[in-house]
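Pasting the structures here.
Here come two complexes built around chain A, the first alongside chain B, the second alongside chain C.
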Partner chain A sequence: MSDRQKTVLLHGGLLALLLGLQFVLPAYHHGNLARIMVLAVYAMGYNIMFGYTGLLSLGHALFFAAGMYGMGMSVQLLGATPAPAMIGGLIAGAVVAAALGALALRTADVAFMIVTLMFAQAGYLAVLYFGSVTRGDEGFVIQQAQRMMMGIDLSDATNRYFAAFILFALCLIAVLWLVQSPFGKVLVAIRENEERARMLGYDVFRHKLIAVILSGTMSAAAGAAYGLLFGYVGATFASVQYSIFPLLWVLLGGAGTALGPFIGTLFMFYLIDLSSNVTSAYMLIAGVALVVLTLFAPQGLIGEVRSRIWRWLP
Partner chain B sequence: MEIGPYILLASLEGAVTAAVLALTAVGLSLVFGVMRVVNVAHGEFFMLGAVLAWWVAQSVGGHPAVGFAAALVIAPLLVAAIAVVADMTVLKRIEYDPERTIVATIGILYIIQQVTLMTYGPDARPVEPPFNTRLAIPWFEFVDGKFQMYWPWGLSTTSYKLSVIAAAGVVLVGVWLMMARTKIGLLMRATQLDRETALAFGIPVERIYAIVFGMGAGLAALAAVLIVPIQQAHYLMGGDPLLLSFIVVIIGGLGSLPGTVLAAILIGLSDGIISVFFSPTLAKILATLLVALVLVFRPQGLFGVKTR
Partner chain C sequence: MTLLSTRAMTKNFAGLTAVNAVDFDLPKGEIRALIGPNGAGKTTFVSLLCGRIEPTSGTVEFDGADISHLPAHKRINLGMAYTFQITSVFARLSVFENVALAARKRVHGTAQVAQAVHAALDQVDLNDRAEQIAGDLSYGHQRLLEIAMGLVQRPRLLILDEPTQGLTDSEIDAFKALVRGLKDTTTILLIEHNMSVVMETADRITVLNFGEILAEGTPTEIHADARVQAAYLGTG
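== the complex of A and B ==
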């Protein structure tokens, strides 16, 4: 079997499994999995920048929130239906990502991390500042009537699961395609050795900027879908914590792997879900996980699998 | 009250902010300068200092001054010890790689914050100031062609606030003397200048790193002990000092101590004055954008000199 066939089989198998699980899972886990798939899209978007291009951003909540508020504002202020609202979210994400990329990519390494962190913080504060429109911390609910898409009620659990699944499948396929394309290979080359990529004649800045826009748009898609499917838009999703989460998920699952973000999100979601039954200080788990991962498993779960067993994993 | 007394009052409050901010930011700047790593958990060391100050003051009892004096000594030392342990168990093992250090210190941030939440709880608790005399400040008015002195209502400060400013000044001078005049300061500067050469000359670089990291955290904790009689100790109080220290360190030029102090005074004072006229959220938005743009267009800081 060629590597390509193995890749198709493995990822196709996962998608088939997720589609099948829909019919057997109890309601609670059914809802969780829908949430995890949307959040995994966020992590996959993050992974395009962090895992494949080697750009560590600490401000991805800005894109997630841009998508969420782009969608939410279209519904709230313009009375848009879900499909155009979703597109509004994507456009908001792409524009914000292009603007941030054009500025932040002038810096590198630690400065890049701080610049992204600061822009995201400014975005979060802006959401609070324009509280009369965004409703700030309190947020707003997207009513069931506003979540009807072409006669399909997105607040219904089964429809919601399918919508999350379709988004997840599309993004997974897009990522797989991207990383196998010549463009994706250049991104990896930039991650491995930026100087050499530049010497070979690639326009590094342009490649990075496109990576930021793709990453930001995918994160925005996750944000818009999250708001739409679960019916709530709030400032929490723009806070630092939501910039740290995708980093954590990708690190745990394995940076620079197509499956890593989903696996990482799945594990961390249930870890935090279980621990929040025991204590209100559930972010402790996230902290310990971050330290332990940096110390002992910088490659993450799928990264370890790739370096030990399946060398062909994309 | 006319506008003049308002501004005086705001600058007095701003001076207290600036003093505490200078201490915190110098700690962050020291760590960045010597170790070339960004410590995202710095704000949590600040918070830990305040919480430990409450704990020490509360368990010592007696006159407030006794508890406060004990806290002033014990809390920074304890926090420094915790930071040294974090440095030796985590940062040393990832070899101070800049990016991995940021991720690891984010982890440490959540660990410290959440352990505090589990043990100390979600309440904000005060520490009694050792002394707290209200000092009214006179204001001059120009009435009918001659000066008149009067005491506007509300224009006052406390002896404690003034002593916070003085104490911060003394500590900063102490840090500067240590860096400029002592053996350990010399070793730190040598490490900052060139780690490899310092190592080749037999300087125990890893021990210097541990000391610097401990000192940075200790300074943040000290700042927190000084401010805790004015603010209260709370497990989420580390966010603002972290953000402001970042702003100060970046605007002052990464790793430059005089620049850091200057920027702290500037930011502290303007924060006090700006929040009289604008909403604090807007002030924060402008400040964060300023930091990002300074890093993008003038990475050496507003007062920094371009190196390399």
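== the complex of A and C ==
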């Protein structure tokens, strides 16, 4: 079996499993998994920049929030239905990502991290500042009536799961296609050795900028879908912790792997969920688990699987 | 016809003049060796040619056009290839992928890229290691991989910065034959310390010393030049 067939089989298998789980999971986990799939899209977007291109951003909440508010504002101010509102979110994400990329990519390494962090904080403060429109910290609810897409009620658990699944599947396939395309391979080359990539004739800045835009747009898609499917838009999603989450998920699951973001998100979500059942000090348990993983699986869960067993994992 | 020329090319590093007002002409189809003592400015000079570093002053012309203000990747796309002195392969990628990254600028399509990669790896006798991780190769093999990455681009000007460093005697012999075989299609600028490689492959030699051209001529002329002997070759 060729590597390509194995890749299709494994990732197709995961999608089939997620689709099948819809019919057997109890309501609680069913709802969780829909949430995890949307958040995994956020992590996959983050991974395009961090895992494949080697750009460590500390400001991805800016893109997640751009998508969420682009969608939410379209609904609130323009009375848009879910489909055009989603597109509004995607456009907001792409525009913000292009602007941030054009500015932040003039820096590198630690400076890049700080610049992205600062822009995200500026975005967060802007949400608060324009509180009369955004409703600031308090946020606003997207009503059930506003979540009807072509007669489908997105607030219904089954529809919500399907919508999350479709978004997740599309983004997973897009990432797989991207990283195996010549363009994606140049991104990896830039991550591995930027100077060498430049001296092979590749326009490093242009490739990085496109990576930022793709990453930001996918993160925005997650933010828009999250607001739409779970019915709430608020400033918390623009705060710094939402910039740190995707970094953690990707590190845990395996940076630069297509499945890592999903596995990392799933793992972290249930780690906190289960440990908070046991003790109120659940962040302590989560913290210890993170330290242990960092010590014994520094490449993340899927990263370790790749380096030990399945070398062909994309 | 001149493929590459520089006028008054100068580079200062914080008060140290590494390259000083160099006028250099390289005719099309020539194999030119660039020699000189350590610190003479050889690597700095070729880095100025391909745009890796910015000159303090001076101009570069390539194929009749002024490229002084082009960024490195655009110069490479005009048909220059540069192999690094300190091996700079993509250490965590496979040998195949390293060469494929270089090939994809020129050829498109999976099958065509694979064919070009295997042809280039054949030229340096690395085909049986195509699936290995580049960082696992010996130093000498990484040098050969660098050369393959240069060859697969089919450049008009190939700049080789100390390509035979770390190669075995038999690999050096194979390298000499390879360079002579490229003569019809490629202009080559070769920085080299191994004098047997220089004498047997170069059409002409340029000697740099303290950032300036000390002498230029055929291997025989250079070998006989008293100033070159004093500065570099030694009197033995």
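Rule of thumb we're sticking to: the second predicted complex is superposed on the first by the 294 of 314 C-alpha atoms of A that agree within 3 Å, B and C clash if a C-alpha of one lies under 4 Å from a C-alpha of the other, contacts with A are read in each partner's own complex, and residues count from 1 in each chain.
Simple rule for what comes next: contacts are C-beta pairs under 8 Å (C-beta built on N, C-alpha and C of every residue); 3 or more make two chains touch, one makes a residue touch a chain.
This one's a predicted model, so the numbers in the text were calculated from it and none came from an experiment.
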Inset, instruction - Have a look at where A:204 lands relative to chain B and chain C in the superposition and call it first, second, both or neither. - result: second
Inset, instruction - May I ask you to decide whether A:185 touches chain B, chain C, both, or neither, giving the answer as first, second, both or neither? - result: second
Inset, instruction - Name the contact category of A:128: first (chain B only), second (chain C only), both, or neither. - result: first
Inset, instruction - Go through the superposed model and pick first if A:196 touches only chain B, second if only chain C, both, or neither. - result: second
Inset, instruction - For chain A, give the residues common to its interface with chain B and its interface with chain C. - result: none
Legend entry - Parts of chain B lying in touch with chain A, wherever the complex brings them together: 38, 90, 93-94, 98-100, 102-104, 106-115, 117-118, 243, 246, 250, 279, 281-282, 284-285, 288-289, 291-293, 295-297, 299
Legend entry - chain A contact footprint on chain C (complex, rising order): 50, 52, 72-74, 76-77, 82, 84, 88-93, 97, 100-102, 104-105, 108, 149, 153
Legend entry - chain A to chain C touching residues, read off their complex: 182, 185-186, 188-189, 192-193, 195-204
Legend entry - chain B-touching residues of chain A, taken from the complex the two chains share: 56, 58, 103-104, 106-107, 109-111, 113-115, 118-119, 121-122, 125-126, 128-129, 244, 247, 251, 279-284, 286-295, 298
